[in-house]
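The letters A, B, C and D name the chains in turn, as written, and every chain counts its residues from 1.
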Amino acid sequence: MTEELDKKDWRTRLHVIIFEADTRAGKLFDVMLIFSIFISVIVTMLTTVDTIEVKWHNELKIAEWVLTILFTIEYILRIIALRRPKRYIVSRLGLIDLMAFLPTYLELFMKGSKYFSVIRVFRLIRIFRILKLVPYVKQLEYLRRALYQSRRKILVFAMMVLSMVVILGSFMYLIEGADNGFTSIPRSIYWAVVTLTTVGYGDISPQTVLGQFLASIVMLLGYAIIAVPTGLISVEMSKSIDQIMNTQSCPDCGFSKHDTDAKFCKICGKKLN
Amino acid sequence: MTEELDKKDWRTRLHVIIFEADTRAGKLFDVMLIFSIFISVIVTMLTTVDTIEVKWHNELKIAEWVLTILFTIEYILRIIALRRPKRYIVSRLGLIDLMAFLPTYLELFMKGSKYFSVIRVFRLIRIFRILKLVPYVKQLEYLRRALYQSRRKILVFAMMVLSMVVILGSFMYLIEGADNGFTSIPRSIYWAVVTLTTVGYGDISPQTVLGQFLASIVMLLGYAIIAVPTGLISVEMSKSIDQIMNTQSCPDCGFSKHDTDAKFCKICGKKLN
Amino acid sequence: MTEELDKKDWRTRLHVIIFEADTRAGKLFDVMLIFSIFISVIVTMLTTVDTIEVKWHNELKIAEWVLTILFTIEYILRIIALRRPKRYIVSRLGLIDLMAFLPTYLELFMKGSKYFSVIRVFRLIRIFRILKLVPYVKQLEYLRRALYQSRRKILVFAMMVLSMVVILGSFMYLIEGADNGFTSIPRSIYWAVVTLTTVGYGDISPQTVLGQFLASIVMLLGYAIIAVPTGLISVEMSKSIDQIMNTQSCPDCGFSKHDTDAKFCKICGKKLN
Amino acid sequence: MTEELDKKDWRTRLHVIIFEADTRAGKLFDVMLIFSIFISVIVTMLTTVDTIEVKWHNELKIAEWVLTILFTIEYILRIIALRRPKRYIVSRLGLIDLMAFLPTYLELFMKGSKYFSVIRVFRLIRIFRILKLVPYVKQLEYLRRALYQSRRKILVFAMMVLSMVVILGSFMYLIEGADNGFTSIPRSIYWAVVTLTTVGYGDISPQTVLGQFLASIVMLLGYAIIAVPTGLISVEMSKSIDQIMNTQSCPDCGFSKHDTDAKFCKICGKKLN
């Protein structure tokens, strides 16, 4: 029975180390983890740089495999440490953890899949916990709320933009034609996106006078309508901050989304503290 | 006489199916319609991609004609279903519906006109009805009001920008000249638009030191004045939301910026009418 | 003496026609003027387009000279119509009017100077009067006030941006060097402006890994700090509109910049009407 | 003892001239200093322009050394003029002053280091004192406060953007491959930054249909999310201005958003303390 207890203790201690960052061991584990993730992302990137790959081929391969095996062990430990590991396995965080080492094994069977391991970068989200960044998450809350509140306006705006690039791209295809690089409507739509968003690669650019005239209009349009999402987000963000800032709820009716300057509940008229 | 009644019934039923989305048949009709429009836009696009066109020439041609005939039948049904079809025919929606199939027929006489059928993309506006997106339209209302309220400022701003690109383009024509790609004033104005809107294709770019200096100023100008439309829209949008809100002022303290859901003054607690 | 009176009458009538737009003749004069200005700007542009110039050489030359002579006559009439023409001659509008025809004559002595006549485009400012656009000017007032209020912040921001492009440009010159297109510090500063303002011609672009890394930082910086002028203008614009909207001044102390929600003068406490 | 006094007097007078701008001599010194700094920055730039360097080699070299020696003397005088020069030497301003002449001497031993003297441009910050621009610094205060208040949101936003460019860059590397210019993941990340920030050099651009599709999404994303920092800064700036405003609330009606110059409540007319 002591062994049973020991095993239980061992699991609890493991949980404290791996999943929490309040003890010294837990913090050390997290710092080392973040560091390993960072290194592994860099390693994956460097294996794609020819000059470096040729020179440090073996070193990179060893680093890759050491880190992959470490991540595999960590993943197994996480599952062991949990009483009901199923929820973790199917959670977003669990899937990202799995994707952090799986591609290296898959590489043995399918060339090129190893590069998917850059998905490890998402594991850096754990940095929020190690730095005790609860306020950061609250900040995200503002943003998420503002985006959620304006989701319909954003959708309508997105549909407008999409219709515009389809129509404008098709027109440019008719005006410029294949000889000037507008070889098909999809490619012309790609050009319209490049232009409307003011990216402007210049890999395709209008050559005819009429095409340049239409392109100028597209640019001015793109230059002007960027004001719309910016205005939307500004207004919603300002509103969402106002509502989050006054955190008290009405003692009578419980309504809680009061403005910062509210002295009385706007729903039932009760004085707020 | 029963035949007369039947015919009338038939027309009413047709109207419910085609123009409304409340019955099961009406909803099904709309979903199929949206789907057909989507497919037809894709088909039109793909016919312009050489590699696909060569391989699937016949399939694309058949799909194009099937969809065109379906749209034609739908258009005729719409006219039959209405008691006074004239208003629909000359309406924006009616003209778009007509433009959705007409170009394919015109193609028989005039090559190239078929591409105009991408105008079909506008028919997707019907998606608002099928998804019962009345709130979406309300969201558009905010936007439209903000744009309408600031139409004069936008016009003044547009005139300023237009004058700037004409003057700056002409100056660059004098400074750089035809040898550096600034072959004419219209082309130099095109360059000024490309630069001021921060698109920057790079198909024409200044080569002389003076030209690069002037270009730098144009860029910084374009970078700075984008704040103007953005500021305009933000302010107007925020105002237009305020105005849609409760317009009454508190009978006791006179505070007037109440939210739409306010029943009591949030400053002094007085009940609002 | 009647002749003297006639002359005076003639001058008054001329003034009404040329400088005002309230009579029928005055309006007609203004419409024709705007039209001539528009045509003359187009003509000046077209003379620089080789293909058009070769084909329509004589027609363009005649149009240019007819318009120039018309503008000269108009300028002389304006001077005659005024009792004290000095103020008009040295005014901004007067100088622009002079610049509208002078370059064509100068062209006879100095080649290339004729292109300066595109300055005519500024004459289109008269369109404000003909369209009775007093409200438009009021709109400009908002903008001008917002810009004036934030002139110091804008200057500080401009100095920050200028220092940044000088320092960043110099660094890139050291990192990339002449072989990669960064042939001198001024040219590298030009590159920094092109990049920071997100224009991105691509005529000069970093080739080394370190250069691309620094360039990425410049881009992200440029992408982020555009928020500063936009935020500045938005806030100032919103404030300036508030102050313009409540147009009453305090009956006691005469203070006039009241907010829209002001019921009492914030300076002396007097109730506002 | 008189000599002692004289020396003290001499030091005090030196301090007044060099560190202050209230006396005539002090102002003259500052104007000349700003002018020298400006000239020296221009000289450093011009030495990198080949055509100018070849022609004016000696003149530029002499100017460079004269200015460097002047800056050295000025630096020594500053140290002499101060009772406790240590604090000045290690201050930011002191280090910049040192960096203004040190690189020229270092150039004798290490080629290329002279270009670091463009850091002189930061010395122009003294222009604030000469123009008595205290209000300018206050304006910066707004900005700094707004940036400080939103530092967490900015950090979260920056991390989101960084993750996005890493993931998107890796995907593009897999899709496009080395043949289309995406030779490595770091280079593909560089492309992602160029595209997301809407800079768009065009030195690397997608060639495959799938790549162009993903690129279009990156562009639209970059076009949309610029609203986030802009909205953040706008809101914070507006809040920071509010907070700098009068913080007292009306004793009668409780309204609290009073302007800084308010003496009476603008809502109920009560005198504010």
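Definition applied: contacts are C-beta pairs under 8 Å (C-beta built on N, C-alpha and C of every residue); 3 or more make two chains touch, one makes a residue touch a chain.
Here the structure is a predicted model, which is why all the values come from computation and not from measurement.
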Q) Can you list every chain in contact with both chain A and chain C? A) B, D
Q: Please name the chain that ends up farthest from chain A once chain centres are defined by their CA atoms averaged.
A: C
Q.
Comparing the two chain pairs, does B-D have more C-beta contacts than C-D, or is it the other way round?
A. C-D
Q: List the interface residue numbers of chain A and of chain D, divide the shared ones by all numbers used, and answer same when the ratio is over half, different when under half.
A: different
Q) Where the CA atoms of chain C average out and where those of chain D average out, how many Å apart are those spots? A) 29
Q.
Using Cα averages as centroids, what's the distance between chain A and chain D in whole Å?
A. 30
Q: Could you tell me the distance, in whole angstrom, between the mean C-alpha positions of chain B and chain D?
A: 41
Q) Which chain A residues reach two or more other chains? A) 186-187, 189, 198-202, 222, 226, 230, 232, 234, 238, 261, 263
Q: Name, in rising order, each residue of chain C that touches chain D in their complex.
A: 152-153, 155-157, 159, 163, 166-167, 170, 173-174, 183-187, 189, 195, 198-202, 205, 209, 212-213, 215-216, 219-220, 222-224, 226-228, 230-232, 234-235, 238, 258-259, 261-271
Q: Could you please specify the touching residues of chain D with respect to chain C in the complex?
A: 41, 44-46, 48-50, 112, 115-116, 118-119, 121-122, 124, 133, 135-136, 139-140, 142-143, 146, 154, 158, 161, 186-187, 189-190, 193-194, 196-203, 222, 226, 229-230, 232-234, 236-238, 241, 258-259, 261-271
Q | chain B-touching residues of chain D, taken from the complex the two chains share | A | 198-202, 230, 234, 253-255, 267-268
